[in-house]
Amino acid sequence: MDLKHILPKLLQRLLQALLVALLVGTLCFFMTRMLPGDMAYRIAAGRYGYDMVTSAAAQAVRVELGLDRPWPAALGDWWGRLLHLDLGSSQVTAQPVLLEIAQQLGPTVRLSLLAMSLSLLIGPSLGVLAGLKPGGWLDRVTLGLSVSLRALPPFLLGLLLVLLFSVQLGALPAAGHADHGGILLPALTLALGLAATSCRVARDAMVQVRASDYFAFALTKGLTPSQALARHGLRNVAAPVTAYLGVQMVMLVEGVVLVETIFAWPGIGHALVHAIFGRDVPMIQGTALVLGLMFVLFNALVDAACALIDPRRRQ
Amino acid sequence: MDPHPIARRRRRLLALPAAAAVMAATPLAAAPWRSAHAHDDGHAHAAGPLGLVGSDVLTVVGPWEMTGLDPSRSGYMFARMEVVQTLLEVDDDGQLRPALATAWHVSADGLQWRFALRGEGRYHDGSAITSASILACLQRAQARPGVLQLADIATMTLLGRELLITLRRPFGPLPYLLTHYSAQILAPASFDARGNVVAIIGSGPFRIKSLSLPQQFEVERHQAAPDTAAGRLVQRARYISVARAETRTLLVQGGQADLAFSLDPPSIRALQDSPRAQLVSAMLPRTTIIKLNAGDPLLADVRVRQAIALCVERQGIARALLRDPGLGATQLFPPSLSRWHDPRLAPLRTDLRQARRLLDQAGWRQGADGRRYRDGQVLALSLTTFVDRPELPLIATALQEEMRQAGITVRVVIGNSSDIPAGHRSGLLQMALAARNYGNLPDPVASLLQDFGPEGGDWGAMGWHNSEVTGLLAQLATRPAQDADGGRIQRARIAAILQEQLPVIPVVWYRQTCAVSRRVQGASIDPFERSYRISRLQWT
Amino acid sequence: MSILSSSSLPEMQAGPRRWSSAQRTGAVLLGAIAVMALLGPWLFAVDPARQQLDLFLQPPSLAEPLGYDPLGRSMLARLLYGSRLSLSLALLSVLSAAVPGTLAGILAPWCGGWTERVMAALADAVLALPGLLLVLLLAAFAPGGFWPLYIGLALALWVEYFRVVRAACHILLASPQVEASRLLGFGALYIVRRHLLPALLPRLLTLMRFGLAGSVLAMSALGFVGVGLQPPTPELGVMMIELLPYYREAPWLVGAPVLVLLSTLLGLQLLAPAQEVT
Amino acid sequence: MSVAATPAALRVADLTVWQGSHTLVRRVHFSIPAGGVLTLLGESGSGKSLLAQAIMGNLPGTLRSSGSIEIAGQLSDAADSGARRRGWGRSIALLPQEPWLALDPTMPVIQQVAETYELVSHAGVDDGRDSLRTARAAARERAAAALDSLGLQAAAAKYPFMISGGMAQRVAFLATHAAGAPLMIIDEPTKGLDADRRDEVLALLLAARAQGMSLLCITHDVWLARALGGQLAVMRDGEMVEQGPAAEVLATPRYAYTQRLLAADPACWPAAPTVPVAPVTGPVIAELRQVSKSFGKHRLFSTVDMRIHAGEIIAVTGPSGAGKTSLGNIALGLLKPDVGTVVRAPGLARTAFQKIYQDPAAAFVPTVSLRCSLQDLMRLHALDWAMLESLLVRMRIAPVLLDRLPRQVSGGELQRIALARVLWMKPALIFADEPTSRLDPLTQQDVMTLLVEQARALGTAVLLVTHDADIVRCVADRQIRLE
């Protein structure tokens, strides 16, 4: 696809990114503002630990952060700083939000990427095999698995995996990202959740492809079934699966929040939960913003990939 | 479980010889697991194929995250990993011990405190531990939220190698304040121009090797110590913050962690006969209490408070939720606080019938729907608690049901720990369930002054004032901390009044349990949780 | 294949739509769960809040098929009440996400032009906002409240319906069948009722199935970070996380709610029409 | 029929196809000499396509077949499809019915041809160059050459959705033909094609013949049978009713059915319409003034003027892509012209203009029975059901059909129902967009005559898009040709 096709898409994406930033930032801001409980006390608790929270500490925080400023000033301030990419600094750790996020983003991205690729390794391949024989035993088994995986909360799944691989087999470290291979179990936990759905998508796509005229034609042309699958099946199955990645990104983000906590993975989801508890508005805004933008970026990539796979998408 | 790992622990209170004895001896036999002071059975265990076999890094896991380098924030972690030192130390018996200060004495009027500072000694960066650097740290600590503000300090000055602290009012426990991590001593190079902490350069046996906030940091011995006959001493260690108790347990079971702190009861049971780890435990002066707003019209009547106290099935909660019947509180102060624990006090009882009777007397009649009414008003209370300590919501739920049996409608509000001090200030709080650490400072007097002072305290009484208690506390505060037995009468009286008046209702006491991998020996729990004592640990 | 479509085989004869055995199983399963959730509390009349601390973690017995939870409360009673609450909450939030989402998804391509662009942009933005964050924030408003959770879930879920429906409607609205109906003078309502909804139904069903599981799991996620429903309300998701620590001593406790959710999903999956897009 | 001594390209003996106990193709015998042609003529549903599938060995799973099939001397039992599958592409090829759908939408045209050379005919290997890369390169060269030979060099790099149906057919032909199978089965090659594209197809087939290929051509186009020559066989209800040299059979059909089939060819329709061409005197019901339409850069037509009078039948003709359909849609008001105006005669009901589609199945609500959607219509306009029933009688539609779903009714029947539905509305204008191009001759004649006579009877104007000059000649009062 040449430039004149890409440019409008790019602009559209940029617009979306802008909207996301606007929405996320403002929404988080107001919500955290409106939350019950005294922010000064919350933040103080976040900083000094809960039984060191005294009115004195809270007052100190209030003054330091100017929490009693009127909200328009605070919001305007946030926007102003956002313009030159300054997300402010965390109210709990007093570190610049960008710095904190920069630290946490790395692990999260690594985790997500590994999870994504693992899920793509597991899900679609099984799905294609299942789709080759709809109603066959593999189809039933994968269906059962995907349903049960969807019913299993991530933390429970993670726990089971740890019990199996770490405690019983002693094959993988349970947690602690410093340990070599510590990423595997959290990634697997996420990947299984994702594969559960992508497997079915691939399966259905495969069934459709098998029923298609062009697949039949490939066979009557004289290609062997395996050749037909390799040349005309997979690519056409890949299209819907890739398109589905966009949706999976949402699941991934949600999963990351839980899985990172379970496996003590120092990522952005973990940080988000903390920020919400600590009423750390800049952090919440920052993390949500980054997550949102990541989502936009990822979707843009997915679109590009779809266009690459399916020429019809390029028009 | 520790879903909200912003939980913080504070130092534990003096555990006196008696307490140590108690801990080592009988009650622990009764306790659902065998007390293990880890230098026991020598049979070492292979720590799993992956685990940490061969690796000589000791891994410590706990729920606490480092929210910053500033001593007032995560200073306790660096103290526990023996990176930093304070002016004074306390030993297991709660006696003050010299550290960076070698000696101290107080003037007759109790206003002038002199601390003789050690001459030699260097920080990890090689710079000398100068009196000036010490003074700077203390002044910095005083300016920030922390315990130093409890004492009414007028000035801190240097007289040669002596530190002179002048108070406006006598304050006996002052030396204990100086053992608090928020008063830890860092090298001048730790601070940037604006006085922010940019590095942790202490003077402890271990120095920081690498820091990755908020989740972990690694330390190594400053001066490599020779291996003793007993075995190789731990040279390197790291702390990893692991939010979930299950995960910590699994790490121990998987041979990935050598010390795991703050385990929840189910995990403790899971670890009891683990091939990889053994359990060490100590009773700590932390009591889970119901904080009552005696100023609230519904709770103003002491009979209602007593009724609530009578509803609480302390033994049941201890057995079912903490899995340790010994922890049911018979009074506010646990036995480990033997100077304050008064065995002769009539223990708190559970007596539903009596509770009902009291409520009836207070004019709360049970309606058809089981709830209690007084001239049209229903007896409905809110119980605020938080998830920093996973057991709290569970206990709150239990209490809710127990009070319902007496006809008291309770709404459990699970929020953020800070809602309690905030609610205390706004006066809107009705009841709160919290774990109060009377070892926040080695001498509980300071804490009690906070909690039961004239206008009550964030974590203590609310809308309750008893001039006698205030007076007694004032007397205790002014007398120097040394003379062990002075003021027994006052303490007993205070305990008695609290037992009778119930400004706060004790529910259960607390026991710290730590899982220790069989790869190491020599582990023991610091009753004050000031230190993990990794410098004493040896590989088996 | 197209070769077949021209020849009229006997299989082309009209016949009453028959249910596959799988679908029948699914229906039975769902029926059972519905009965359990709706009638259970009456059939097994035990107060789920009644606690006997000395019975904590008692293993299952004839009298108490699921034993007692850590507070000595009847696990079965809690499970029954929990299923009712969770499933109805899930259903409610899914429906209240599906209906507006679908309507918007039909409206956007129908109006086209700027209306559609704006709606699409908005949807994208909302989609990019992590749903869990939305629910978390809303849940933090009134801790333990039922409505914030419900609203949060609905707000987080509607976008998916919008996206899917919109994409499908673009094609449908341009199709001859709709054109013909328009020429014959049929109005918007008819076109929605006869053309759009039947075509969308399979996709919608899939989404709703996912949504159902999603919202129950979201509950557990909230319990996980400490903002679930207020105790002692029994709720499947919160139960999952509350009972997790006892997975070793009493696996059946944490297993029970998961099993309920699992069989619900399974039932829905089996019931789903065969050609449904997953 | 005479069977040559040389091994026939295809010999089919006693071929029968069942579904359960129900026979779909009954005891068919025929053979095609090497380099010969057999054209299978018959209306849809006569089992032509099933026969082809049985020979190929790709019958749908629910069907069974028996008998024997001999391909280039290779005898195999009809039931044993595997035997013939192995020969796919090499000894027997199938030119699919909808070439456009048969090409992989995600693969460039040249590759789809090249892969047959590479994987099926092993071009490279034959030349002794066995390394994969060279084999692939060689395959590409040969594919490129082949595309050139059919004037497709421009399309080589394109994707199927970018090329016209005619090109797609040629590409499909090359892909099928590449492995050099001596026998090719061609299934309805001219279905729904306009005149000039039909000729392309014919040229293609004749070229194939010239190369010595034997063809089994399945069609309902009599003219194609005539043009191809060779043998001709007529099928009805799964039986082969007549077969012989094409010229003979076409000249003197022995069976009544064959005669009807031949008579149904528009070329043989009674020349003049029953009523004398109505002078265009009726009131104008719609007028297009100076309308132009273009999609993107592609300009369909510009400044077209058209007046439609009540009761006249106007044929709109022109090459595919000339905008015939768009013009009609503009007249109906479904489409807005870029410039120019459309004026509707005042006082016409909102539903006075109706449309009949090329594919009737696409014009009905797919999920409900025909009866249901017709009843919806009745309720909407308070129509008279009896009238519909009488219409259906005239359309020779058994009422029971109404209880089926649209896809459960054959194309001809459905088109007639669609016609009835439209007439029920008492329209002033019917826009018939190639209403019969996908139907076999008998049904086509049926539908077309019904359309005309009903329109005439009700005084409804008809705007008829067709590419069949004969039809125009027979039915239209006048014609508008778009270039």
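In this document, chain identifiers A, B, C and D correspond to the written order of the chains, with residue numbering beginning at 1 in each.
Operating definition for what follows: a contact is a pair of C-beta atoms (placed from the backbone, for glycine too) under 8 Å apart; a residue touches a chain by one contact, two chains touch by 3 or more.
Note that this is a predicted model, so its numbers are computed, not measured.
K.L.:
Both chain B and chain D are touched by which chains?
P.N.:
A, C
K.L.:
Counting C-beta pairs in contact, does A-C beat A-B or the other way around?
P.N.:
Here the pair linked by more C-beta pairs in contact is A-B.
K.L.:
Distance-wise, how many Å sit between the C-alpha centres of chain A and chain C, to the nearest whole number?
P.N.:
Centres of chain A and chain C (C-alpha means) sit 21 Å apart.
K.L.:
Please compute the C-alpha centroid of chain A, do the same for chain B, then give the distance between them in whole Å.
P.N.:
That pair's centroid distance is 38 Å.
K.L.:
Distance between chain A and chain D based on Cα centroids, please, to the nearest Å.
P.N.:
Inter-chain centre distance comes to 50 Å.
K.L.:
With centres defined as the mean C-alpha position, give me the chain C-chain D separation in Å.
P.N.:
Measuring from centre to centre gives 46 Å for this pair.
K.L.:
Mind pulling the chain B residues that touch 2 or more other chains?
P.N.:
Within chain B, residues 3-4, 246, 415 contact more than one other chain.
K.L.:
Residues of chain A touching 2+ other chains?
P.N.:
Within chain A, residues 36, 155, 159, 213, 216, 261, 277 contact more than one other chain.
K.L.:
Give the residues of chain C touching no fewer than two other chains, as numbers and ranges.
P.N.:
Answer for chain C, listing residues that touch two or more other chains: 1-2, 143, 224-226, 241, 244, 247.
K.L.:
Could you list each pair of chains that touch, in label order?
P.N.:
Result for touching pairs of chains: A-B, A-C, A-D, B-C, C-D.
K.L.:
What does chain C use to touch chain A in their complex?
P.N.:
Interface residues on the chain C side: 1-2, 121-122, 124-133, 136-138, 140-143, 160, 210, 213, 217-218, 220-221, 224-226, 237, 240-241, 244, 247, 254, 258, 261-262, 264-266, 269, 277-278.
K.L.:
State the interface residues of chain C toward chain D in the complex, per the touch definition above.
P.N.:
The touching residues are 1-4, 6-14, 175-177, 179-186, 190, 194-195, 198-199.
K.L.:
Which of the residues in chain C end up touching chain B in this complex?
P.N.:
Its residues touching chain B are 49-51, 53-54, 56-57, 70-72, 143-144, 224-227, 230-232, 241, 244-249.
K.L.:
Using the touch rule from the top, collect the residues of chain D that touch chain C in their complex.
P.N.:
19-20, 22, 24, 44-45, 47-50, 52-53, 60, 62, 96-98, 101, 187-188, 332, 334, 350-351, 353-355, 357, 359, 362-369, 373, 376-377, 380-381, 403-405, 407-408, 410-411, 421, 425
K.L.:
Within their complex, state which residues of chain D touch chain A.
P.N.:
On the chain D side, the touching residues are 56, 58, 85, 88-90, 93-94, 96, 98, 101-107, 115-116, 119-120, 159, 161, 172, 175-176, 178-179, 181.
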